[in-house]
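In what follows, chain A forms one complex with chain B and a second complex with chain C.
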Partner chain A sequence: MPTKNVADDRISKFKNKGKDPAKLRDKRINECVELRKAHKDENFLKRRNITLSSLPDEEALSPDHVLDEKVNSLTIEDIIKEVNSDSRESQTRGCQAARKLLSRERNPPLKEIIDAGLLSRFVEFLGMDDEPTLQFEAAWALTNIASGTSWHTQQVVEHGAVPAFISLLASPLLHISEQAVWALGNIAGDGPAYRDALIDCHVIPALLARITPETPVGYLRNLTWTLSNLCRNKNPFPAVSAVQQMLPSLIQLLHLSDKDILSDACWAISYLTDGSNERIDVIVRTGIVPRLVALMGHEELSVLTPALRSIGNIVSGSDLQTQMVIDAGVLSVLPQVMRHPKASVQKEAAWALSNIAAGPCKQIQQVITCGLLPPLVELLRNGDFKTQREAVWAVTNFTSGGTVEQVVQLVQGGALEAIINLLQVKDAKTILVILDAINNIFMAAEKLGETEKLCLLVEELGGLDRIEMLQNHDNEMVYQAAHNLIEKFFNDDEIKELKVDTTDDAFVFQTSEAEKTFKF
Partner chain B sequence: MFVTDIRKEFYDVVVNQRVALLISSDIDALCACKILQALFHCDQVQYTLVPVTGWQDLGTAFLEHKEQFHYFVLVNCGANVDLLEMLQPDEDSVFFICDTHRPVDVINVYNDTQIKLLIKQDDDLGVPSYDDIFRDEDEEDGDDSGNESDLGSEPSGKRRRFDEGAVERRIDRQRARREWEARRREILFDYEQYEYHGTSAAMMLFELAWVLSKDTKDMLWWAIIGLTDQWVHDKITHMKYVTDIATMQRHVSRHNHRNEDEENSLSIDCMRISFEYDLRLTLYQHWSLYESICNSCYTSCNFKLWSLNGQKKLQEFLADMGLPLKQVRQKFNCMDISIKENLRDVIEESSNKYGMKDIRIQTFGVHFGFKNRFLASDVVHAAAALLESTEKDESASDTFIKALDCLSRSNLERLHLGIDLAKKKLIAIQQTVASCICTNLILSQGPFLYCYLMEGTPDVKLFSKPMALTLLCKYLLKAFVHSTRNKRCKLLPLIMAAPMDVEKGTVIVAGIPPESETSDKKNFFGRAFEKAAESTSSRTLHDHFDTSIIELKTEDRTKFLDALITLLS
Partner chain C sequence: MLLTPAPTAPNSSESKMTSVEKKDKKPDDVAEEEEEEEEYVVEKVLNRRVVKGRVEYLLKWKGFSDEDNTWEPEDNLDCPDLIAEFLQSQKSAHEGKRKASSEGNGDENKSKKKKDDTEKLRGFARGLDPERIIGATDSTGELMFLMKWKNSDEADLVPAKEANVKCPQVVISFYEERLTWHSYPTEDEKKDDKN
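Right, the complex of A and B next:
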């Protein structure tokens, strides 16, 4: 390297001499990052330790490590031989090898194991209380088979695994019992038929019996998830009696602090509230609504999302049910949720708000009072399309149920401008909803005798041009709606005259006139 | 990829083809271009010559010629960006890049088909190894997500239980990947942090001519000018300069030896190149000694000629040498032969007394016939002045052709015109430096020095050109370092801004590394300018091949500088 000065080279070997400041700074930054990273890793480890469930480590499970070597190299044929032999040791070895195959990340041989006819043997092993290792390996293997397609799950159930697993729930060995919980969760998650079959086998009391103050967090997580699967799926919904059985425990779980438990419990509630008003009533009556509203503000997305979904479901119910949610303070949490960085959260929040705005004017007034108009307008302006669609619904519902004064406030808040801008979207359904809202606003103006001023306002906001354009829309209904609006409110001759008047000082007109128009 | 056998992989490929030459606007590139043109003349290679002043120009030139040409030779441009990404060429376009800009973009280094780098690999490149920066994506598996569903979406109805090992393996893999990526970023950051220059393009192409046994004295002279350009415009370290001068000297000896018998038959059109240990007095053989001393950076800074004291010291110095003022002030050509005979020794002796230990420098001179003698640096200054001439409103390609012409020995008249322009330019630089120092226009901004030439400053138009502005920067920083007592300021780099286009409301901004004897001439302003512009969304144009020279909207100057200060402190 001809360009390097020898002396320089030497100097730079001493600690900080001869290094330029920029390099030193980068080094410092990097060191800082390293430290932070190390700290974070440590935290991860800690968390894993706390959550470590009753399931022991893999190594500890193997009867001995010598055996382990052999287990890894077994083929399916070997496994069949081992599992079908009479020696307990061979059976364990075979069962464990099968479990390992089923636990590998890529292409687990679910079908091969089923076709090898091993399921009936595995189910048989589940009952061997004197062979806990074998019991555990079989439970794990069956769990993974049940995690496949419906057909896979069906094979497990048809081999009689359900009663075997339910009795395993009572196992004194936590890790075996937990594995049974997991397996039952997979079966319940397959669909309403197996879910109800499990319920008929009295799975619920057996599960609930395992919830004690001493139950490890990891176990509770699996259990909560299994309970949520028992609440899941419609057509038909789970029987009300079963829901009633589970609810006290679910509510108990909702008051824990572990985010995974909270998440699954909230999902359970969201499944249960996704139905008729009677179904919603069952939930609301437990008094869980305030807790759900609180969880809506949870920092973890995995908790916030199902809590928000549950609340959204409930406010889609009766006015009375909605009122209970409002009374629980949902309107003070919603603005922050509507401003959540994640678009899917914004969308759900807008959906919830649209349902509240569909209520009587008393509830609409509360929406205004709690300051939800600004975030609503923000979403109309900047949300992603799905969010905007929900927000548009909120506006339309608001304008159809609100008083004249309330509608005026909405317009003053900038909602009219925002929905007019949205008239450019492709989706015909959304356009119809917007035209509906504009129509509602005109009706309010009519009551005040301010139609002309509103016409001017709409025109200045570019609304008239857009509505006129929509008369060329492919969709017949859009055309009709746009046409009706023009016919009804924009009477040609007068407008032409006014147009000339207004263009000159359009800017002043827009803001000051708008307010003047709607002064009461 | 780097071309290892320049003859087989470059020359033999293009020799029967039509070639587009895209030449950057600097003296080294001009010289390289002359050498290439001479070679192409020899072998009757058809070529089209396109001068390019910046990236936009390069893009346009490519678009205009991509239909007719498959082979493009880029001189002093193209190496330091991902060229394929920028030009989006068809797959059959091949680029031969002979460029001094470093660092070479890693994509260019590792592209084997379309990018051929005519760059010496022993040139202190420090390119990161392939495995450190590229990774085959096949290793990545699609099932990274496993059964972890996206946060916030509905949980899956069924979950498989993985064995602990699998989960851990996955975590390990992800961690390894993250670490690899972090390391990659670090490596690339280190690699791309500084901008600097490698071996002169003219020297590279001279070497090609030599390998082909087609090298001539003219080519050798151009290679020397190319190298001298790097020294005059302060692009390479002193060590690199001295090393390359030694290389050139070997070639010069070889050529002189070859023509020894002709020596006696000196004719009007013969050309003789000689190694010189000559004075660092700019253009002194074409000026008066006095004017040269006054307008040479080295002497002017050492005497501090912008001060009265400095002027006094200069008089003392002249007296010390025992040179009559009348002789010193008249044209060098007309000085007494007796004075000229051992002038260099006399000056060196006195200079040593005045602390100017290295008033002499290794360089080369050329004789054309009997009358015309030039030092390599004379030609560099003349060509640069022609290339960036602001006298008439000439287009960039006009000045390019004129500057190119002045390098031919058949065109000495143009060379003399260039020397006259160069004198004007040097005087302008000297006056600007003096006024900046005397009126304290150089401000310390914390991490760097800053000087803004206001609209209306004399000769400001001259400094809207990148080479002139860079030269001014170097002179100004040297002068400042000599004049300031603040020790910290001596170690700072300098940013200069000058009006560029008054109508568009833009300024040209150039940044140079700190001034020091042992400076590695590495410039970090390129990256810094990019980041500062990005963070403030200043309207900048990073069009120059040197990333440390940009164009900026005048209104955005303040916020841009503020961001730069925050970024660098």
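Right, the complex of A and C next:
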């Protein structure tokens, strides 16, 4: 039935009425195609991690495709024109094009963009609260420039970006605020000078204000990373007042479960504990040590590594600080860490143990009681060289601070044999440390009147031969030390005769005697 | 020889000094200053002693050789970090504690990060303004709209839940464009209604 025109217009706006069925079908087909394409694109993005926006389909599938600036995006010349125009649309187009260039994987043109004089415009855009798209693109572009070398970061800072970014932290638009967090992280990460400049601009309260129970995980990840850069670097360390401001939030973050947040928060702590005992004190007073010990056992390497480093730093502090770590249970976590498949983890664990073993004999006793000797000897035998080097320090520290009884247990555990086998390494410093340990062990033996027995044992283990050879070592300190050892303890010729008869396999101290005669 | 605090330079340990353009000062400049106070930068604390009940530290001056090292009373100094470092080195040597080696392991987290385009920025996270919705699907299990954004040729999927809150008018337009009125089907209309 014929209808009136006005009604016709309205009706034609609704789905199927008054429309040509063929056109409708075409339109439906096109929509389906678009939907399928978007779906396919999404899956590509997930699997292949490339953007298809600027590439025709065949090229997207070719791994060797190189982004052709001229064809697929604006040239820098075009960008300059757009960005410097008066139209917000052009500015946004230009800024976005710049951002895309600066975000590409291969050789983003940081210097070209800087040389094109675009930075001042980008910083201007940061202030345009009524143009969030422009703000965001500018923030992203500047973030990537600041991610370059010190020179690149300097350019960003010198164009006045810092106050603008700090203001943007308060943006009601989360993605813009987050971008500002990222940019500031890059600037802080450049070094102590910019870090302190940011702190002086009150960046810390502005950042901490963004942490709420509703803050999304992605945002918190960026924020934690930026905080870690504000804790980073020495010469000088960040001011204690700044550290005190950040600590409560860092502690909060350390109790979350996201692995990226945990990792960066632990790195922050590792930077803050890498200093004097006073600095370590600031950290341990927060009560975070038990959490750090727990994180040392985390299944993610990215969390375990900085947690272990933090603990290693803390036990390089005073005996009291070390005791706090022991009380938090580190000695039960350490064995599994010492057996970690990654060599660098084993090494750091051995280093931490060596510092614990440098403590008073009460702490050394805890080391023994908690069964740390067997994994230590394992590392001495099977670790890679850097790990063995740390393990050797553990042994020497042990022999220097341990009671006679404790030294006996060390020897019985196989440590003496293991370090004797390491006497053939090239590193002079390590040899000296080993000779020091052997010397200490002899001194313990002297206290028990068992020097001869020890000589026999050392000889059986092949130690005498090695030490004798070391008297010819290039390094003056090494041959001196070796010579002294021989002189002091091996000078009786009879010992060499006795070699044939000996069948003793174990070297046993008479512990009860030792306890009665000597006090520690 | 007064030491007054100043801003610290990036790469070396310095005591703090108060006055202005300190960053540009080179050791040569220091010697040439006349009427202004002479200000020197401590590079390192080397030793400690007690003289007549007062604690003094042996200081290495930046830009000067070791022959120019001097003992200064503790009260004149404002370089707590350097003093702490020295005291620490004394302690560790004695106790056997060894601080972390200064060369980083290379394991540390990144000091700078570039934000890649391949960051899975999709949908509203791209920060673009919605222009119009050009399609809808629920094959993912959730209702999604295909969104055309302003200033971009790249359309992508956004959850309807998000779009309903962030750009309700755009969503309404989409639905309005596609409204269809169903009446009880007669024989004629059945064919038309079939999609």
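The working rule: the second predicted complex is superposed on the first by the 427 of 520 C-alpha atoms of A that agree within 3 Å, B and C clash if a C-alpha of one lies under 4 Å from a C-alpha of the other, contacts with A are read in each partner's own complex, and residues count from 1 in each chain.
Assume a residue touches a chain if its C-beta (ideal position, glycine included) is under 8 Å from a C-beta of that chain, and two chains touch if they have at least 3 such contacts.
What you see is a predicted model; the values in this text were computed from it and never measured.
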item	value
Touching partner for A:Asn144 - first (chain B), second (chain C), both, neither	both
Residue contacts on chain A - larger count, chain B or chain C	C
Touching partner for A:Arg93 - first (chain B), second (chain C), both, neither	second
First (chain B), second (chain C), both or neither touched by A:Ser400	second
Touched partner set for A:Leu304, first chain B, second chain C, both or neither	first
First (chain B), second (chain C), both or neither touched by A:Glu278	second
Chain B versus chain C as contact partner of A:Glu158, first or second or both or neither	neither
Which of chain B and chain C A:Arg106 touches, first, second, both or neither	first
On chain A, the residue positions that both chain B and chain C contact, one per complex	100, 103-105, 108, 140, 143-144, 146-148, 153, 179, 182, 185-186, 189-190, 225, 228-229, 232, 263-264, 267, 305-306, 344
Residue numbers on chain A that touch chain B, as the complex places them	1-5, 7-8, 22, 26, 30, 57-58, 99-100, 102-106, 108, 140, 143-144, 146-148, 153, 179, 182, 185-186, 189-190, 225, 228-229, 232, 263-264, 267, 300-302, 304-306, 342, 344-345
List of chain C residues in touch with chain A within their complex	8-14, 81, 84-85, 87-88, 91-92, 95-100, 105, 107-120, 122, 125, 127-129, 134-137, 139-140, 146, 150-157, 176-181, 192-193, 195
Residue ranges of chain A touching chain C (in the complex, touch as defined)	13-17, 28, 31-32, 34-35, 38-39, 41-42, 45-46, 49-51, 53, 89, 92-93, 96, 100, 103-105, 108, 132-133, 136-137, 140, 143-144, 146-148, 153, 173, 175-176, 179, 182, 185-186, 189-193, 196, 225, 228-229, 232, 235-237, 263-264, 267, 274-279, 305-306, 309, 312-313, 315-319, 344, 348, 351, 354-355, 357-359, 393, 396-397, 400-401
Chain A-facing residues of chain B, complex	124, 141, 143, 146, 151-166, 169-170, 186, 189, 193, 236-237, 239-240, 243, 518, 520, 524, 568
